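In the part that follows, the structures are each spelled out as structure tokens.
In the two assemblies presented below, chain A is common to both, partnered first by chain B and then by chain C.
Take a look at the complex of A and B:
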């Protein structure tokens, strides 16, 4: 849940990058970390296995600057994508103000995408949150792979985007779509905050 | 940045007393999802957030282990290093469950921290006001500001 300080006029929001294993969640954060000026970001924390698979979470705090007179900071988290780590995934999801679902565009990964999206829905419901109300952006990553290996945006939307949420094509390894995704989820989270005061 | 600051002003005085009495070097009071309510000793806001995220993660994961063991919950956790110790604990407050992360040096001890931590919990319990009615936060036209901020972020 976002934290708003009316005295110092500061807002802090939590955004979670969700999705199946190896879909590119950590790569999104690494790209953001590499592009954002030092004074606008904190240290990127990665709790990973010895093979660089996310074990608990990656974390990157960024300072968006002043928006509507409020100094605004976002905490970007990733969850571990592997099915095995659902317990830790649930913990990271607690208190999320917005979710980026990073899907893998490869046709052979479609079942994993669907399973991960269902898992997101189940884990949100466990916290009493309806997936239809939480700000959500779908990023279809790896769109730079050969055409015959991947699904088109339309096909992915048809299979995954039941909420008609904003969807962004991406190649996170080169940064394509990373900024657009962050912009879309930031707008979604702040829009919700402007419509519904924090509890 | 002031050494001690609070998002919720009523925490400030109890926190200042706690750090003075316990000689804690760094202290965070936060929600279980890692949102910081008050802090002492950190210089950069983004470092505060990293420490809070890690602390909240530790408490959440040990809490889940407690659930698996059918334990009511582990109250506190302490790690003692050569120059620093960390004390991490959850507690109930009138605003719900909160967490505290305390870093102390060789001029303090876990016993001292624990002793004054109990007082901190009691004081927070006494001074916590009733939750105010929520009020609107952002103007409806925030998007121009957002676009400008993001443009400077990704140069």
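Take a look at the complex of A and C:
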């Protein structure tokens, strides 16, 4: 991880939105993009197929200005959720300072969520990173769907959140929970700043 | 003392841009919910970038949000003056009380705290009580807390506990927006290009920028023609600047984006708060750690070096490592104080960066010093034969072995030579050596004296003392040998006191009642008498019998009871004599190929049987001196006088 660069006095946080296909990762980024003043955001790079599915990844740089003398940037990435793009996921995951797991609250998507979470763990482990040490926030998206289709927060926590990470209910389409998620992961990432000596 | 809020300094008149957006967002949050979000809020920036404006804007907005809120704005100088005036008038309590009803205190220019320790102390009290009361404090300074010279660490940590946020110099767009706003306020109409020309000048702060604007306004007022961009540049002496195209961004648009980006600002404010805290946090922790360990007398150069650098470090790791090193140093120092107290004060034990030196010092001390000699394996407690003549001493010895340092301390075993004092002492020594941490010094006073002389000679007196002082018990044989040796007695006296003070057992043996010891200092004698003086008498019949029995058993395997009885009947003033007699009989029999029997022993001891001669009429004393030198008629001897006063002394002429 290269959170802080002292030579250039810059802080760069790489946050990766992970999760199963169609869980709303790109929607999260799009909402954030829409709320960031023009002077603070870079171009959102999105490589999508003609059916609007993320083929490679989305990338959204945000400039937070100078804080405590450090020029601070956030880089938000999404990974392609589809199972067969694992190589891309590994690539995007490299050097991540924090991970947002965007889960699909729909009951029928539970297995997909679990599989993706396991895939996240495996990919992190492959990079020598213990999933317990990476700041992680779970976002349960699509909470705006009819109650009978989705699992409650408690049920989702029970099924997915066995590491007791912060979890946020969201409806990314309307923006609900999007910034809460971003705040939660930022807090987690920045907390690590004083815990471990930056290299 | 409170200054009225300048009505012009509101959020509306404050032009927000990327350089100050975080500060503005934080200030707004504070104004809307004082005491809740960032308390204290510490805003710092170079001069003229809007700190005072923001402070006052907070006050205005807070009053709009909640009209009953009590806001006080004052500069640090005013704060100090008021405090001093209050103190001079004996009203310092009233000074503190007057802030109790205030909801928001806006304290400007706190950089003047530098090097003013008394004011800092008062401010600390003030800030602490404010924070406890949930009241909001906003402070401004031209530098971050950690850069205010000699600022109390507790204040730094209080400030870092809220939000520390900076305002950077405005970039072109913000400069332009500010100029537009100001020109409008002044009712002056400039072309966009003119303002862009001023904005193009890389002003260090807003005041400088407004100074330029003022000059143009003044010029415009006395000149009818509209000012052009080039004209403005020439007027302001900015010709050297390359002309740039004024971007389309205007102040109004910036305001729009501000409104649109409420959610983002909140996020920014959260991140800024977290980040600022983290960035200050490491300094705070290191400062705290350095202050703490310096207070404990340790050198903290390692931590201070880190504080010199700009880059944050993993304070936890650094502090943990430092503490681990200090723990090790403490252990080394403790060990050194037992090994060689004189060198335990070495500076190396207080400098974690000199760990290797400290280790080397202790190792050196360890190498030079073994533990004092312990009890000899030759004398086991169980081999000590009990009889009425040594019952008291043995009982006391057992009590000491069971509860060292508490029952009889010191235990002084007194008795003539050869009665088993040394045996008993070493026996106790063995019993006391069973514990894992026990360190029993058990040897003769002569050795003690010799060691002392050597220590003095080698200038290692402290080390010599230390090795005794860490003993859990001191057993010293033949203490009377120290008679007349003043220095040895003095050392023993101090050692004695040190050990007794820590309830460590002391056992001495002496060759007579302490009071009668020759050349032993009164203070030692009185200390010996303060414990238990247990006498060991010359062996009585029972003890002799038991000893003879044991010796015969060991040497011959079987015991001739008559022989044993005969040998036990023979007087002996010491155990050594008894053993010597048995040894003589057994070895002589062996040499002569005879069976050790009563007859053999009698012949050996008393000489060949002599025919009893009739009395020749010559009166004798009845005592017949045997050729071997022994007294034959023991019936006529009194071996033990109970007490000197009981003796009848007859002068024989």
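Note that the second predicted complex is superposed on the first by the 192 of 199 C-alpha atoms of A that agree within 3 Å, B and C clash if a C-alpha of one lies under 4 Å from a C-alpha of the other, contacts with A are read in each partner's own complex, and residues count from 1 in each chain.
The rule is short, and it goes like this: contacts are C-beta pairs under 8 Å (C-beta built on N, C-alpha and C of every residue); 3 or more make two chains touch, one makes a residue touch a chain.
Predicted model, so just to flag it, every value in this text is computed and none were measured.
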| item | value |
| --- | --- |
| Chain C versus chain B on the shared chain A, clash or fit after superposition | clash |
| Touching partner for A:193 - first (chain B), second (chain C), both, neither | both |
| Partner chain in contact with A:42 - chain B first, chain C second, else both or neither | first |
| Touched partner set for A:72, first chain B, second chain C, both or neither | both |
| Contacts of A:179 with chain B and chain C, given as first, second, both or neither | both |
| Touching partner for A:4 - first (chain B), second (chain C), both, neither | both |
| Chain B versus chain C as contact partner of A:33, first or second or both or neither | neither |
| Residues of chain A touched, compared between chain B and chain C (which is higher) | B |
| Chain A positions touched by chain B in one structure and by chain C in the second | 4, 6, 11, 35-37, 40, 63-68, 70, 72, 179, 182-183, 186-187, 190-191, 193-194, 197-198 |
| Residues of chain C touching chain A in the complex | 18-19, 21-22, 144, 164-166, 168, 173, 249, 257-258, 260-261, 263-264, 266-268, 270-272, 274-276, 278-282, 285, 310-318 |
| Complex interface listing, chain A residues touching chain B | 1-8, 10-12, 14, 35-37, 40-43, 45, 47, 56-57, 59, 61-68, 70, 72-73, 75, 77, 87-88, 91-92, 94-96, 179, 182-183, 186-187, 190-191, 193-194, 197-199 |
| Parts of chain A lying in touch with chain C, wherever the complex brings them together | 4, 6, 9, 11, 32, 35-40, 63-70, 72, 74, 175, 179, 182-183, 186-187, 190-191, 193-198 |
| Sites on chain B touched by chain A in the complex | 5, 7-9, 31-37, 44-47, 49-50, 53-54, 57, 60-61, 64, 134-143, 145-150, 152-155 |
